[in-house]
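Each of the next two complexes has subunit A plus one other chain: subunit B in the first, subunit C in the second.
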Partner chain A sequence: MSAAAPLPEDGPGWYLYGVAAAEEAPTARLESATAVDPQHPVALVVEGTLAGVTSRVSLEEFDEAALPQRLGDAAWVEQKVRAHEQVLEGVLEAASVVPCRFCTVYRTEAELRSFLAERNEELTRALARVAGRVELGVKAFVDRDRFAAGNNAVRELAERVSQAEGGRAYLESRRLEQLIGQELARFGAEVASALDERLRAAAEDGVLVGLQRPEVSGREEEMVFNGAYLVSEKPRFEQELATLAADFRGNGVELELTGPWPPYNFVPAKLGEP
Partner chain B sequence: MSSRELESYRSGQPAQLADVLERVLDKGIVVAGDIRINLLDIELLTIKIRLLIASADKAREMGIDWWQSDPFLSGGNGHGQLEERLRKLEEKAGLPTTKEKS
Partner chain C sequence: MSPPEQHALQQQVTLLELVDRVLNKGVVLSGDIVLSVADVDLVYVGLRVLLSSVASIEGERRAPELGSALP
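Moving on to the complex of A and B:
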């Protein structure tokens, strides 16, 4: 590990939530938002055509020596991540915003300003891509039991299991679980690719996000699809989603819409890196 | 759009923590700005964050050292054991062994 650089300036650092166009960026809405460090207000730092959405943060809390431990604290992470999200949602109500990564912190205002100035072109491009658009999330769930009851191969094997006895019954029931898993995975993949194709057609762009396990999603059903879409015509997208929901309901698939989100999934991954 | 269609998918619920974490954290973490974290730390942190995404509610219930109780990291009965077996096999076979993670 390299030796920690001496702090060039005493006092709190600058947490950067995201970047908006200076002429669009709201100030009124931000004042009531709770910052990642609740002691300090959320404020704009305007540099040229861009406005950084920022708040001051204690460097004792956010410095690199302290962060690894903080990030191991689930309660701390939840509070900060929610604050990060809520500040950006406030901005999103009035302006397009390029969200920064969690814990983007500058030690001094000068360094924050030089980031906004030096990366003006890159940030402006990223902003143009998401301007007037929002990120919407779509998830699809399948009820495992209902699916198993409706699948022929599963039903056949289930019948044999019910007739087997002793050790054989055990082995057959293991096989049955395996088969349900396989069939569900196959069905889920079909559903996912059909959904993604149709939703992409109603959006500017789309990405597939990792599936969440039931203890994460908070739903008993299996998640078979998790996508994020960059959408400019929200009503059209929602119309398509409603049509899809109606089409797939017969197969025991249920859809869930989340958002609008700040366009986390549609800004360059390396934005702000040196 | 008819009200029936509107009811055909769920929406408008308050954002779930998992969805927020997934978005805010999933692209990796803490590499922008001035505050730097050692690259190895980032790798470990990313694993922790993934676990956090996977078990935020459980973590809150447990309160302490939540990721250490996960078999994937603690090596209790998952990954760690597998690596240990691999190491032993490699030793037996006279191969260079898999590095032990600190």
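Moving on to the complex of A and C:
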């Protein structure tokens, strides 16, 4: 291990964005990227076969005691999260990368280097899994009103609701809302399982991600499917997606593609404790 | 919604998509400073405040029926 002399505790720390293979990692592209602390440049710390993508950060700013307050500050979070992602996207253009979780900070270069050296084997394995592959996100949305209009059970009940009066009309309309919710959930589950099966076949791996509410997805329609896929042949995956979009459009289902992302969903959550 | 408002909303949405990945996925290392689950919750609380101010641009929205990524 080629450990540098440890910095004093109050010197800047090392923010780690992700880890790449030393022989692949770009340096030129990184110099123009904006770091989480824009005062410092993004740089590689090469330790053996691995390169940590890092930049210096104020340990006062990222101090564990101060962090809860910073994390409640949406503007602070937005700037840091976007910088974290943009740096990784820059690396991704030239190399495979194991993305780190937001706010992974080492106090000294020596600690960072010793981590890279000790975890070389596990990190190399994680890199091999994502090498030459990207993460793509696929979501499916259903327009609730259109779905309700096309569903027989819903249409029948809606007919009765329109003829009901007074208190019964209220109860029936509550039942109608419930029925739409149930039918939509059933339909959504069917769509999700069919999509996942076919997308997995065009990818190396896939995971289902939590569904988002409309205020998060930014769409009026109900999200019925949210998947992430590890893809090596992007054109083939996109072709399959286009076919699926055409197949499902008739049922009022719309698909949305995001990415390529650094493979956040396809790296181990924990490398294990030292 | 006017185009600038639409744009602002789209920006926030992209941010949330990003936050979901950057805060909940990715490898957790034995750094000297790492986020705890409680820390991550704080981010969502902070963002929710931001989000509600953006979502209000759109006026009333239907209550969610399906699952959600937000706690």
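What we mean here is this: the second predicted complex is superposed on the first by the 262 of 274 C-alpha atoms of A that agree within 3 Å, B and C clash if a C-alpha of one lies under 4 Å from a C-alpha of the other, contacts with A are read in each partner's own complex, and residues count from 1 in each chain.
Criterion: contacts are C-beta pairs under 8 Å (C-beta built on N, C-alpha and C of every residue); 3 or more make two chains touch, one makes a residue touch a chain.
Owing to the predicted nature of the structure, the values given are computational and were not obtained by experimental measurement.
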Clash-or-fit label for the pair subunit B, subunit C on subunit A: clash
Touching partner for A:L255 - first (subunit B), second (subunit C), both, neither: first
Contacts of A:A242 with subunit B and subunit C, given as first, second, both or neither: first
First (subunit B), second (subunit C), both or neither touched by A:L211: second
Subunit B versus subunit C as contact partner of A:A185, first or second or both or neither: second
First, second, both or neither for A:V98, with subunit B first and subunit C second: second
Touching partner for A:E222 - first (subunit B), second (subunit C), both, neither: second
Contacts of A:E165 with subunit B and subunit C, given as first, second, both or neither: neither
First, second, both or neither for A:A126, with subunit B first and subunit C second: second
Subunit B and subunit C contact sites that coincide on subunit A, given as residue numbers: 13, 16, 62-64, 67-68, 71-72, 74-75, 77-78, 81-82, 84-85, 99-107, 111, 115, 137, 209-210, 212-213, 215-218, 258, 261-262, 264-265, 269, 271, 273
Contact set on subunit C toward subunit A in their complex: 9-10, 12-13, 15-23, 25-35, 38-40, 42-43, 45-47, 49-51, 55, 61-62, 64-70
Residue ranges of subunit A in contact with subunit B within the complex: 1-2, 13, 16, 62-64, 67-68, 71-72, 74-75, 77-78, 81-82, 84-85, 99-107, 111, 115, 135, 137, 209-210, 212-213, 215-218, 228, 235, 238-239, 241-243, 245-246, 249, 254-258, 261-262, 264-265, 269, 271-273
Parts of subunit A lying in touch with subunit C, wherever the complex brings them together: 13, 16, 18, 62-64, 67-68, 71-75, 77-78, 81-82, 84-85, 98-107, 111, 115, 119, 126, 137, 144, 181, 184-185, 188, 209-218, 220, 222-224, 226, 258, 261-262, 264-265, 267-271, 273-274
Complex contacts: residues of subunit B adjacent to subunit A: 1, 5-6, 8-11, 13, 15-38, 41, 44-45, 48-49, 52-60, 66-67
